[in-house]
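Encoded as structure tokens, here's the structure I'll be asking about.
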């Protein structure tokens, strides 16, 4: 079956789930997102785009942005330097826990829990004179879209309610695993969590990972094959909060989710797929989105397991 | 390249690593295993066997046996009943930790940490009048080998040094998540950890998982396709102790390791592969074995990521 | 005012509280104790006894017995040997937690949490050929009463429901901080928790602590002055479960409580006082008993603070 | 024996310990304090002062200041309001741990661990328009000395190295147990930790606690008798970091220590005693100071136990 037909079937199949679940409510602007949205887009490594639903509507990509900051940090300092300061294993504790840090001397378990993403941001602040600009440039290049941008309202709300992230950053700093001022690092953190993009843009921005590190449209090598594999493995084992086991079973693809209701996944060698529906399940992953990805692997016959 | 040629290349490539690492030393008989052993075997879903090294020499499969007890428990009580009593997510704490249990009311995080395997064993003790016999029969059927057996010396040592497992079992019982006498449950636990098999036998015993639940030799359906997928996903996210992230990156296959130095993995739809070398790395996984599996995915060109 | 008059006033004052709170219900025989009981007794260092209420009725002294086992262990092996194996500080975690043990390598925080009492019992099992007899003899000598005894029904129930204590003992053993068989150690533990005594007997049995280690009736030195001070300090900082701060404020005396509803306290140099009322507050201390001791310090004008 | 003679004897007795231990080194100015200092002072409730050693030399009182902030907060909002936001029990974890907070929803265990002191400071920031001035005024009134003051160099260093305290404050705020801006609260915290006073001044400032809440020199009631008792009980059970059990045994007095090497204690109804020697033992309490207080209770014959 064609991808377009598959996407349309999925949109039909998940309709009963759209509007279910809870929208993230710790930020006013996220809480105001209509619960009835659903979008899905596929970008193949050979350059084709398929989409269904509100696939051109932008939403807050939130933690999905951690894949881009991790990519930039890997490029900037290399695997060895990066993984001296952050682990590569699932954490087993909530994504914003401070407990693990205290018992493990300020080394976050992986780059996708908040603590780990803050360390990654610290690396970017050290590596780039204007890290927010650098990240935005990188994201625009990956999406091929000059209008994707930070959402200043969301970024400010993140800062206003970001006490736990501020606690994490100061705690990490107390272990001397942060080189820069807490405020500078968190400013980048709150910014990239506010990045807004559509499913079509998000699928495009992930296709270099599906293509083993090489951007298929520009031909530019973003990451080495090994680095791309590293990020994919991290998405598989740590990319969907405290539900990676369940997600591996249901979907079986490397993926990264965000509390804005987006999920980006890849089928290595084939395509990137992005889905968005703001209603979240108990684990903080999009309810309809998870189901849509599960159906996608079933209908395409592609499954890791 | 042919699988046989690949195995022989790998045996050559990993030779410098064989003899490195630490042998498990908490049990005299494990401590006495010669560090210089290496074996690898492939069993394809279409019935072919390939082997290299000491692939007919039996060793203590230890925690790899937890895949068989989980399989039997899934068959016996079904997914819903089983996963009310044990989780499906990586634990982030050492495999024998009691901390997670205390904070999560006696529900082990997954069936592969010791606590989870003990709950699975409790299910088998309730389901089978003679669970040790039932398990041995199942293992013999899977391997097609009537002489595979428990190692009574190892089982007794496990019992003699098993204070932490006894603590776990009593602790779980205090949360009323154990139905049977602690001693009966642990007797099964210590027994299945003592199962001895060769790489050839181990690869055969895993091929039903590669074949989506259907035993290719007997044609018998061991598990539903969904159940087989469930176990594979659990192996991917929880199968290699506190190194699943690293293992996913290096090998990228669902696998289960044991402190005896064995690792069994599957390439769903294709084959099962078993490797053995008793020297362990810091995470408790076979050092040369992990490398051999990494080379196997590289040389066959099969990779999840 | 005379002690007798004070006790009678107190009995009157606490009447509205008697019958309030929860009786310990993890053991049938404890759950069956009538909630309306209240008793209080004073034994002065110069040999006088005062009592009110059901002061001759025996009840399960439970954890109060840990003062006697600690006393025997201190006499048997001395302070240095004992406190290499158990700490001297409040734990901050529930009395039966395993978490602290895991983080602190099997060294219990103090001798009054269950884990610490189990280590103390292990010392007694090593030191005495028949530790249960030795303890009973010691308790009879302290009370001056040959009929005080273990309650076999309670002891058996403790064993039947003692999964968490069995978990603790095995866990401690896994850290090699237990020399004897778990079952032998726990048999002593369950026995001494089942000791039954009346308030009059309990007050008598504590008067050697009030008298700085010297038994005032027999003239025998039970402990050195320093050892008696050590135990009193431990009672003050660790004697009343997770409520030592509140108890120090309200009562301000070294004391040890039990879930049977008894509390024994001392006014060093003056007297021992025991109280019993089976209704427990949220912290597991006798509700009316705590109030009675608070009134006792107020009315006698004796207060640490 | 006269107090003066006792102090002189003690100064002689502890001489071998002065210069031992480690000076606090997380702040340059603390690290630079000469290790050879020793001072001790007694202030009786009937107005007499006794002193020995460097008893007029000021030092950084650090956490001892938490007794004054707690006193002010108790006066300002009362016991009920205060203890809804902070507990009254020993913590069992290091004084600056975040773990307990995470498991107990942002309610610090007691007012003397850093987290608890920060909540107390938040109460003062809400209660006083200029809390730093208010605290300084209060401290000057208690000491009767207009020249005692904050040390701006120490306060700035506390701020510069205070990442863990900043983590704590933000973490507490994330649980909505902080009403004011983190920076305002910490500014007060870092200030009062920098208060400098001599042993004579410190003994004077604690005598109201010894006198059951009534300042003996001015006749002013600082706290109710019950509030004074509350603070004394908290000092006894939580005042000396993770060594309250040991301190209760050795000294047996309500006391508060600071990493500057000072300890203030009271004998209720009699006197306040302050000691200073900058070398710390493993628990963070003054080495020679603890010994001096132990000798003081021995030589005066005053002992709780």
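Think of it as A, B, C and D in the order they're written, each chain with its own count starting at 1.
In this section, a residue touches a chain if its C-beta (ideal position, glycine included) is under 8 Å from a C-beta of that chain, and two chains touch if they have at least 3 such contacts.
Computed from a predicted structure; not experimentally measured.
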Consider the two chain pairs C-D and B-C; indicate the one with the greater count of contacting C-beta pairs. C-D
Of all other chains, the one whose Cα centre sits farthest from subunit D: B
Could you state the distance in Å from the CA-based centre of subunit A to that of subunit C? 56
How many angstrom lie between the centres of subunit C and subunit D, each centre taken as the mean Cα position? 32
Inter-chain centre distance, subunit B versus subunit C - centres from mean C-alpha coordinates, in Å: 48
Among the residues of subunit D, which ones contact at least 2 other chains? 103
Subunit C residues touching subunit D in their complex are 87-93, 100, 109-110, 228-230, 232-234, 236-238, 242-246, 248-249, 252, 254, 268, 303-305
The subunit C residues in contact with subunit B across the complex are 97-99, 101-103, 163-164, 166-171, 173-174, 182
